[in-house]
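Could you have a look at this structure, given as structure tokens, before my questions?
The chains carry the letters A, B, C and D, assigned in the order they are written, with residues numbered from 1 in each.
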Amino acid sequence: MEQLKQQVFAANMALPAHGLVTYTWGNVSGIDRARQWVVIKPSGVPYAELQPADMVVVNMAGEVVEGALRPSSDTPTHLVLYQQYPQLGGIVHTHSTHATAWAQAGKPIPALGTTHADYFAGDIPCTRGLSAGEVAQAYEHHTGLVIVETLADHEPLHTPGIVVYQHGPFCWGKTPEEAVHNAVVMEEVAKMAWISCGINRDIRPIDEHLMEKHFSRKHGPGAYYGQG
Amino acid sequence: MEQLKQQVFAANMALPAHGLVTYTWGNVSGIDRARQWVVIKPSGVPYAELQPADMVVVNMAGEVVEGALRPSSDTPTHLVLYQQYPQLGGIVHTHSTHATAWAQAGKPIPALGTTHADYFAGDIPCTRGLSAGEVAQAYEHHTGLVIVETLADHEPLHTPGIVVYQHGPFCWGKTPEEAVHNAVVMEEVAKMAWISCGINRDIRPIDEHLMEKHFSRKHGPGAYYGQG
Amino acid sequence: MEQLKQQVFAANMALPAHGLVTYTWGNVSGIDRARQWVVIKPSGVPYAELQPADMVVVNMAGEVVEGALRPSSDTPTHLVLYQQYPQLGGIVHTHSTHATAWAQAGKPIPALGTTHADYFAGDIPCTRGLSAGEVAQAYEHHTGLVIVETLADHEPLHTPGIVVYQHGPFCWGKTPEEAVHNAVVMEEVAKMAWISCGINRDIRPIDEHLMEKHFSRKHGPGAYYGQG
Amino acid sequence: MEQLKQQVFAANMALPAHGLVTYTWGNVSGIDRARQWVVIKPSGVPYAELQPADMVVVNMAGEVVEGALRPSSDTPTHLVLYQQYPQLGGIVHTHSTHATAWAQAGKPIPALGTTHADYFAGDIPCTRGLSAGEVAQAYEHHTGLVIVETLADHEPLHTPGIVVYQHGPFCWGKTPEEAVHNAVVMEEVAKMAWISCGINRDIRPIDEHLMEKHFSRKHGPGAYYGQG
């Protein structure tokens, strides 16, 4: 548990280091699947003051089991995703500039090139808006549900992130570190896609065979990128 | 008073640290409501040379009561706002890039997402232009008046900033530090809104129920963001 | 002369510090009006290696009178401007991103707000293109001439910079330091104008009375900005 | 060979220093023409951990002749270019933001100004897309072939880079260091061209005589830029 706290702390600190957060906007969690405990950033604590010991531990019902601080207000969203997808080990939420801009525009981030395809096996979806009722009651829980609804039959590790309509990105991975890595990638491809669409209003999506090739270069049994 | 000078100094120094100012463009003030004295940055002094002791103290008539330097040329604008809104404790003016771009475009910064709604309970208004007469006489005083006119019946702590037509942003808060925080947020949401509108020319404003939810998560009696 | 070399060196080093140059793209000069000698950066020397003693001194005919290195290839442009405008003490040329983008677009940088009007009393002009003949012979000299032609009856200290068509910005001031200051301002207002025009395709130029007010707040007998 | 490894290492480390790469995206190689050996970055190793001794040496058949790590997955692309163009001494591939945006847009980066013309004697071409067959078999080799096909009768040192459709930039030069220099330039002119085209939708290409003048100021027998 101390090791996971350290990992989640380090992953949280990577957010300002990569320019993904302003002030306290953003949070990373990790899960211990054996114990079914989730470690997450405390709510509203500035990164400059954050310590590993500040990480909050909650159970799958969202009850604090360790830690003196209140967990991130987005904790219920994380819990829905961990519950639904046993393959996830880490989740991150940010308001990174360009990914949030697509969320505000209400559009999926289109797969336009190999930078995108190296990590995401298709467009990065944008959820529908939440209804007034979904927002009024258990808002953060409904945010998790609408992500699950939007992913539908996508394999979440092949679509390791989404933008929530008029809100911002959630990303995930097998570890907290990988979740942050995917958040950095999403912000970069969100920026590139914005610029590409400005250059060519009649832009075409990436060729299907090129997308599959690049995704499989890095993922799955035939992967040959990296040191293996 | 020394403590307020220190606060105002620190808030001024936060402007270049957050990338909001070039050279001497920008100023922060704070008010001691008991004494009715305002502490403000001196005019045209580079941030690299600024010292706490350089802060200028003026009374509500704008007369210097402490300090060897001339106060910011924008002092009369600050005084109008402090006079009109007793709930304000700090005011900041910058020429930050994206907020100023909206001011130059003559358009309010539209509320498009939760990043915006966490701080501003609606669009960030843009004032009308000042007339030739208003500019010719007591220009900075009239800048304050047109801000008040534009805010009309808005609660200023729910709309903690505005863009002045063809000029730039003014922000405020309960303290000088909070005013600067709001200026950082305005610059970021101004950038996001520019990008979002470029991605989707038929963009919709944030759903009313989502905006109210996010603003009330951070403000008012039902707030549950942060450590309370 | 050693003092001027030091000033010109410091002004050159300010270019990378302000993010205005990549590699060796850019140069600053200063003039000793009594001796009619111009101090300028050597051609193609990386900023990281530049020393005050590397500054090259040329006379008004462009002949090297001090220094072991070849002067900037843009020296003839600087000389035309010093010859034409006795009020200039420093000149700078860069390829800064946004000012160069306007030069490439072949459009003046429009005066849209007070940030611009604090330094430039109107649009920042864009020259016509040089003819094949003007480029073939004494190209850099003709660049100076087309700047003079474009400025026409503008007071150069009220329009302290210009963009040369399909090339980039030249700025100037009463000293090398002031010239660099104006180059930083031009880059910033070029960026703001690009964003503003993207937000509002029917944007209006700054109101004439607001422009005059802001320019005169900082310049001329009625100036009241700064410590006087 | 140790010297070349050191050069290739330094050139690789220059990529993050210039902001051209995120994580492990990018690679630089250099060639020893006498031995016909190519030194290249290992695949997927973070820059922060990279050491000169990690550089991998391959022969022209792509077989590792020195080094414990697997070479960059893009090695076959580099080999095609070295084979085809004996004048090349270094090659670099990145996913730099703005150059990649043009690649995704499927458009050449237009020559719009002298910044571009100082390095590229015309537009920076964009390749056609690879067919499903070309992607399925020997993908990275076919990437090299389509670059050669697109360059056709261009002198590669006069067009020291290209964007591969829906992928990103490849650049080259007489040395690994020069290749990186050209990659920095391409990213900068890609950004400027994007902004210029946004400012003026009816933008004109750079005048032919101005392009030739600037390219020849820096290249060929009549060059007079720099210290010669």
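Here, a residue touches a chain if its C-beta (ideal position, glycine included) is under 8 Å from a C-beta of that chain, and two chains touch if they have at least 3 such contacts.
What you are looking at is a predicted structure, and each value in this text was computed from that prediction instead of being measured.
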Fitting subunit A to subunit B on CA atoms, where both chains share a sequence, rotation angle to nearest 5 degrees: 90
Classification of the subunit B:subunit C interface as same or different, half of numbers criterion: different
Most widely separated chain from subunit A, with each centre as the mean of CA atoms: C
Whole-Å separation of chain centres (CA-atom averages), subunit B against subunit C: 32
Whole-Å separation of chain centres (CA-atom averages), subunit A against subunit C: 46
Multi-chain contact residues (two or more partners), subunit A: 197-198
Touching residues on subunit C, where the partner in the complex is subunit D: 22-25, 42-45, 69-70, 73, 95, 97-98, 100-107, 129-132, 135-136, 139, 166-168, 194, 197-198
Subunit B to subunit A touching residues, read off their complex: 112-115, 181, 184-185, 188, 191-193, 195-200, 203-204, 206-207, 209-210, 213, 217, 224-228
